[in-house]
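Listed next: structures, encoded as structure tokens.
Each of the two complexes below includes chain A, the first together with chain B, the second together with chain C.
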Partner chain A sequence: MYEKAKDAVDACMRKGMSRRELGRRLGALGLTAASANVLWGTASTRALAADFDWMKHKGKTVTLLLNKHPYTDAMIADIQAFKDLTGMEVKYDVFPEDVYFDKVTAALSSRSSQYDAFMTGAYQTWQYGPAGWLVDTNEFLQDESMTAPGFNWDDVLPNLRQSTAWSGVPGEALGGEGAKQWALPWGFELNSIAYNKKMLDGAGGEPPKDMDGLMELAAKMQKDVQGVYGIGVRGSRSWATIHPGFLSAYTNFDQRDFTMEDGKLKAAMATPESKAFHQQWVKMIQDSGPKNWSTYTWYQVGTDLGAGASAMIYDADILGYFMNGGDNKEAGNLAYTAFAPNPKAKGPTPNVWIWSLAMNSFGEQQDAAWYFMQWACGAEHALFGATKMDFVNPVRQSVWDDETFQKKISDNYPGYLDQYKASAPGSKIYFTPQPLFFNLTTEWAASLQKMVAKEVPVDEGLDQLAASVDNQLKQAGLG
Partner chain B sequence: MATVAEGVRKPPRRSFGESALPYLLSLPALLVCIGILVPFVTAVWYSLQRYNLAMPYLKGFIWFENYKILFTDTVFWHTVWVSLLYTVLTVGIELVLGLTIAMLLQRSSAFNNAMSIALMLPLMIAPAIAALMWKLMTNPNFGIFSYLLSLVGVTDFRWGSSPSSALFTVVLVDVWVYTPFMMVLLLAGLRGLPRQPFEAAELDGVPWTFVFFRITLPMLFPYILTAGLFRMLDAIQQFDIIYAMTQGGPGDTLMVFQVQAYLEFFTYTNVGRSAAILMVLWAITYFLSHQFIKYWLRLRERARGVA
Partner chain C sequence: MHPAIRVVLLTLIGLFFLFPIVWVFLMSFQTNETILRIPPSLVFEPTLQNYTALISGRLETGAGVLELAFMQNLWNSFVLSFCSVALSLLLGVPAAYAFARFKFFGSEDIAFTLLSFRFAPALLVLLPLNLYFQDIGLNDTYIGLIWVYQLITLPLILWIVRGYFEDISPDIENAYRVDGHSWFSTFMKISIPLALPGIAAAALLSFIFAWNNFVFALILASADKQPVTVGALAFVTASGIQYGQIAAAVVLSILPTLALALYAQRYLVEGLSLGAVKG
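Our next item is the complex of A and B:
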């Protein structure tokens, strides 16, 4: 019976059988889910090891710097599979997000070889890459002796591959010619609307179709539902306030952060269209946002939705996913909708955050680190995370196409897949890559705070912001 | 004929160990001094460079350009203003409150001793944790303080999230955390004062205001100066409470020196600018400390003269 079960799992691995069919066959053979999982793990290892020398670095230890995240939890849960596959050991330090990037900056700027690989966002690579702290992974990706044939780089969503590659020339398009692949996409989030369906149904509200509709619905929910505010968006004095819903909506109105003029960057936030959009965004927060909006990070935005304190959020789709499960008060009541704020837009344009894995250029065992990175960003681990854990959103098309994953999401998170399918085509990084990203985007967030607090009128605030941004670009020789 | 030189006895020749002893004894102090000076000189050096880790190709010596950029930036002058205002407000309020509490607890009794221990509790909490605790307590949706305010009809007080109340909120947290520090130092001072002048005043039926302003305060002044100096040095370098509660916002409302320097280094990777900000902070701190100590020495001299 074991041989039959093993053959069935191997067939599934070779993609000759769907996972649903596999489950049915294993059930017919009398195997429990737990036994099937063990078989799945060993078969994965066999399949991966089939035509690549995964044992090349046996006995070595790679050390990782990780952020506390469900992606990290999924990786740690599957880490034994990597150890079995390679004979390598893995050590890791996990830090909460509040201090995580300080730790990364401290480790890399001191040229420490302590960590071989680490988690990063794509925006951070715009600092770390030109600083010489990262290895361009193209040198591994293009080396057939270093990369397993089954790694299938093309399976990674094209927009994410492009979004994590940059030439290092300020203003030059992501993923363009000569771009260095500073990091491998690992998991990502796009920005859409997650709403409390029970609350909206109770108040006779419909998911919004555009920016005006969003503002109206947020105001209505705030008015009609006692103790609830209309819309949750981030507001802390940080670059992280700009990149989710705000930039996704801003982009949908064909607005950009910078323009290039004669090879120089120039602030583009003070156009009439940008001012009109800012007016709407600021009014929406003033009328229907949380009272202490200026301290809101992703955490408060998410937990308010989960606790029933807000009617909806315009933020990372995975926030809505996580708040719809676990012990959250509103678990099971949340729903999702893709969102294009501009009625004239062809579709949604969500800006994305990509948790990626990057390699420390000061690391002393880069080849071994690469083995870890290609395993962690590979299809097998992504499928494990997506189907057995909460690894959403996966970066690989094959995982999105997997029936088991689709069924899991459809059964437990109705509407999430539809939201994803509608949002995905336009999802990518819309910021202009340049090394002052964090300065200028944080200043943008600070300006937004001043506008919401009515310290400065929107028009004047944006003119001041653009002048300050241009001045800083000039000082850095970029503008 | 014997010469004078022959008459003078040569000092006994000292061994190498004996000669080296003074140097060996001062070596730890020298090492500590080097340990302090090396980072300081490095910071000065960085502050004179265009040095952004994300743009290594721009690195170069630019003399005082970083300072020039700072001094011509209105945001920087706001930083100077808000840092000094925060320092004056927190040190002033904590001094008054600490002194009041210390005077109430001056007489040693079981109740007063228990109270002085209980009042020390905020000092035992890390300021960043205290700030997060207060952030929850002042949350407009579920915070206890917001609830209490709503009972008296104030329903839209936004604490740290509004520019008009953000400074008040962080000063409140600072006062909560650090007033016990003032209280402890001043209580120790009060209990250490000689009793005779107070007994004489009591016998003469001197009013309490006269006793307080003409006897207690002058005698306690060295303690007040010391406590004030310590708190001033800490307050002007405030980071954890402000960063944990508002990250320097809303807008630039609470952008104090340390928060600005921290952001410049860790978030913007601008080493040169961050170092320049810290050097300005050092200069202000040095100047204020110098004034405090000069005043304290003058007081001591005057006290000796009187004695």
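Our next item is the complex of A and C:
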């Protein structure tokens, strides 16, 4: 029976059988899900090992620095497959997200060789890459002797590949000519609307179609449903307030953070269109946002949706995904919709956050680290994580096309696939890459706080912000 | 004031100050769902699952199994704080005595330099230290961390105990020495016993400061050597916040310092007040 099961899994691996068909066949052979997982893992290992010398670094140990995250959990759950494939050992340090980037920055800035590879966001590579702390992975990607033929780099969504590559020249487009691939995309989130379907249905509300509709719906839900506020968005004094729903909507109105004039950056937040958008955003928070909006981060926005304290959020799609499961009170009641705030826009323009894997340039075994990175960012592991764990959103098209993954998502997360399909074409990083990203974007958030608190009128606040940003750019030689 | 009014006022003040701790204590016996009820309620069915999860290291949630290293974090905090304070006492008490009793060239400068360790922003010190520690192999070791923790504990012990030694009349020590005892014997048998309340108070305070430290181990050590202050953050994940476990972790991490503080309370008050004013 074992041979029959093994043949079935191998056939699936050769793409001769769908995973659903595989599940049926293994079930007919009396195999439990756990046994099927083991078979799947060993078959994956055999398939991967067929055309590449994965054992080249056998006996070596790579050390990773990781953030406590569902992606990390998925990777650890599958790590035995990598060990079997390569004969390598993997050690990892997992730190809470709140302190994770402090740890990364400290390790890199002190030129530590302790970690060979680590998790990072794309924005952080704008600091780490030009500082010489990261290896440009192009040198591995373009080396056929170092990269397995099945790695299929083109399978990674093109916008994400571009968003993690930058030349290091302030203001130059991500993924442009001469861009260095500072990190490999691993998992990502785009920004759309997640809403409490039960609540909306009860109040006779429909998912919003544009910014006016969003503001109206948020106000209606706040008025009609006792003890609930209309919309959750982030508001803390941090760059992280700007990058999710806010920048996605801002971009949808054709607005940018900076313009380039004669090779110099100039703040672009004080245009009439930008002011009009800011007026709407500020009013939405004042009318229908959380009471303590200025303290709201990812955690508060998500927790409120999961606990039924908010009717909807305009934030990362995976935040809505996580809140629809686990111990959350509203688990099973959430739904998702793509969102284009500007009625004249062709489609949604979600800004994205990309958890990526990067290589420490001070690491002493970069070849071995690359073997780990290409496995972790490979299609097999991505499929394992997406179907067996909560490794969403996958960065590979082949995983989105996988029937098992599609079924898992469509069965449990209503509208998620549709919102993804509608959002994906316009999803990428819309910030202009430049080294003052964290400071200037945090100042933008601080400015937004003042506007919401009515400490300064929106128009005046944006003029002040633009003047301050221009001044800082000049001082840094960028403006 | 009427005794009844006094009791009411004291109760109100006590409630005001203790409310956050009481609320956290109550949260530690609730599930996430009951904690996040709208509106919050004091009535709930208590559960020990948060404590069980922390102690067993495994938390079963609807989203899967979460591996917890909290007990290891607690142990790390204890080892680091205890050893750091012990080392600081060994070095700091004789040094405090020397600064209090003897006037030698540069004594005030040295004492002030030691105090100035408390002024420097931690990260400014830690980044270069990280480089040196890698070169000499102290990175990611308990010994290295205990050494760095001296930046917290040593100045505190030295300056508090110094004040206390200065408060003890040298005549008592001189009388003992006239009987033919050595300087060391005088120090051990007269000075230290007289200064014991001050030493206990300084040790307790530095233990609390060391226990609450966050950034030293974060920068200089790997995940298996992190204290509770870092470990407690592991319950805040992208897929949700485990409020119940955070509350239970807070309660467990308060217990050692609370027990120490209650035990040494009288020393703390007496030691601090006696060392503060010179006669």
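By our rule, the second predicted complex is superposed on the first by the 479 of 479 C-alpha atoms of A that agree within 3 Å, B and C clash if a C-alpha of one lies under 4 Å from a C-alpha of the other, contacts with A are read in each partner's own complex, and residues count from 1 in each chain.
Keep in mind that, in the parts below, a contact is a pair of C-beta atoms (placed from the backbone, for glycine too) under 8 Å apart; a residue touches a chain by one contact, two chains touch by 3 or more.
Fair warning: this is a prediction, and the values are worked out from it, not measured in the lab.
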Which partner does A:408 contact after superposing on A: first (chain B), second (chain C), both, neither?
-> neither
State whether A:102 touches chain B only (first), chain C only (second), both chains, or neither.
-> both
Is A:309 touching the first partner chain B, the second partner chain C, both, or neither of them?
-> both
Identify the partner contact of A:132: answer first if only chain B is touched, second if only chain C is, both if each is, neither if none is.
-> first
A:439 contacts which: chain B (first), chain C (second), both, neither?
-> first
Please indicate which partner A:294 is in contact with in the superposed arrangement: first for chain B, second for chain C, both, or neither.
-> first
For A:111, select first, second, both or neither according to whether it touches chain B, chain C, the two together, or no partner.
-> second
Contacts of A:73 with chain B and chain C, given as first, second, both or neither = second
Going through chain A, the residues touched by chain B and also by chain C turn out to be 102, 106, 109, 309
Residue ranges of chain A touching chain B (in the complex, touch as defined) = 101-102, 105-106, 109, 126-128, 130-132, 236-239, 290-295, 304, 309, 435-436, 438-439, 442, 446-447, 449-450, 452-453, 455, 475-477
Hey, which residues of chain C end up touching chain A in the complex?
-> 31-33, 36, 38-39, 61-64, 123, 126-128, 130-131, 134, 139-140, 215, 218-219, 222-224, 226, 230, 233-234, 236-241
Complex interface listing, chain A residues touching chain C = 68-70, 73, 93-99, 102-103, 106-107, 109-114, 227, 298-299, 302-303, 306-309, 318-319, 322-323, 325-329, 331, 389-390
Which bits of chain B are touching chain A when the two form their complex?
-> 52-58, 69, 135, 139-141, 156, 158-163, 245-252, 263, 266-270
